[in-house]
Amino acid sequence: MTIDERVRELGLVLPEPFRSPTGTPYPFSWVRVRGNRAYISGHLPLEPNGTLAEPRGKIDETVSIEQGAAAARVVGLAMLGSLQRELGELERITAWLRVLGMVNVAPGTTQVAAVVNGFSALILEVFGKERGAHSRSAVGMAELPFGVAVEIEAEVEIE
Amino acid sequence: MTIDERVRELGLVLPEPFRSPTGTPYPFSWVRVRGNRAYISGHLPLEPNGTLAEPRGKIDETVSIEQGAAAARVVGLAMLGSLQRELGELERITAWLRVLGMVNVAPGTTQVAAVVNGFSALILEVFGKERGAHSRSAVGMAELPFGVAVEIEAEVEIE
Amino acid sequence: MTIDERVRELGLVLPEPFRSPTGTPYPFSWVRVRGNRAYISGHLPLEPNGTLAEPRGKIDETVSIEQGAAAARVVGLAMLGSLQRELGELERITAWLRVLGMVNVAPGTTQVAAVVNGFSALILEVFGKERGAHSRSAVGMAELPFGVAVEIEAEVEIE
């Protein structure tokens, strides 16, 4: 079974491209492909139609850790959507390499790993433990774009 | 026209190496070249003589979004200066890959993308939309060195 | 003399794997190896037995800059421990490439470079100035996991 078939089998819905709520331009690529690498821009939690997912805000303020982990999973779905549009097939991804999980935290909130776990779990669920293995950092940010709860960037190997 | 000729044609002034206002040593390379990659350290906004550019401070406190975007552009010029010194010619850069834009924010400031756009616009202006395309994350930091408004790191492909 | 012999000669103690004080799972690899690259997850300051090192907290609050630099050095030792377990021999590392130093800061703390210097100094001490050279960003985070003073991720070239 290919990765794309697995995504369908799991019933995962990959969001449409990000529709910004403001007029700010985005003069960069959501996925930059070069040689056997795809560099993935910081993605935000999106609804299937590409609008920002709710709830927004800081972990331990307006967003619980469980909601944050769910948001991190949705960031992963948005990323898979961007990768599928850019690569044609997710099957071209041969290995996940590096993940930077940036969590919007209230003062004193240190449980960022539990939030980013929502992303890691999705990647392992879809790609398996060999191909989906990745290095990772999880850190607490002062602010994120549009006040989202989590933003994640990554790098993968492609064939 | 080479990239270096384009930089001259645009009248861009690439700052001299960073002159720190303190005695803190910098035991790292501004650009680390290895194989076909150049890894670029976090750069700060510099004056042409290498001193820190003003205004410093947090976006929405002492620095407006417009001033922040201008600072991000100046970070780009400092980066091009470091790349020219390390590579000899900017023409050796065959593709921009990855940009991490770290913005010094006041509480509640979420317009970090508009700030980092000053950097992206410069890269696209100089390298064009194919070669200058890049993945990007823009995030809000609690603090940055010397209280600068923005710090940016990047990775490029070289020949 | 190999790097592993040098580590022994310097009397460096490389900590055991991280023992989390909580039950939160870590569904990622501390070091992800692929081709000639090792991607190193964000590491924390550890005691030799793998538990979190003290003091924890923010720079300029409960942790001084000197203590922060010492913690950054200990992060480096933890990273070398993970690399030795994953690669078998540190000698396989042919070049350091990229370092992201994330410092837990109190409001107004901008001396993050002095903290991350503790890490850079260790890498240069062990690998020498050619092989140990690296690009670097040092930035101030709002919060870090378990309230540690510094978290560092990196990327190295391997043979």
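To keep things simple, chains are lettered A, B and C as they appear, and every chain counts its residues starting from 1.
By our rule, contacts are C-beta pairs under 8 Å (C-beta built on N, C-alpha and C of every residue); 3 or more make two chains touch, one makes a residue touch a chain.
Since this is a predicted model, take the numbers as computed values, not measurements.
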Compare the two sides of the subunit B and subunit C interface and say whether they are made mostly of the same residue numbers, over half shared, or of different ones. different
One copy, subunit A, sits on the other, subunit B, after a C-alpha rotation whose size in degrees, in steps of 5, is 120
Between subunit B and subunit C, what is the separation of their C-alpha centroids in Å? 25
Spell out, as numbers or ranges, the residues of subunit A touching 2 or more other chains. 100, 141-142, 155
Can you tell me which positions in subunit C touch subunit B when the two form their complex? 95-100, 105, 107-114, 117, 120-121, 124, 133-142, 155, 157
Under the definition above, what is the set of subunit B residues touching subunit C in their complex? 24-32, 34-35, 37, 39-42, 100, 102, 141-147, 151, 153, 155
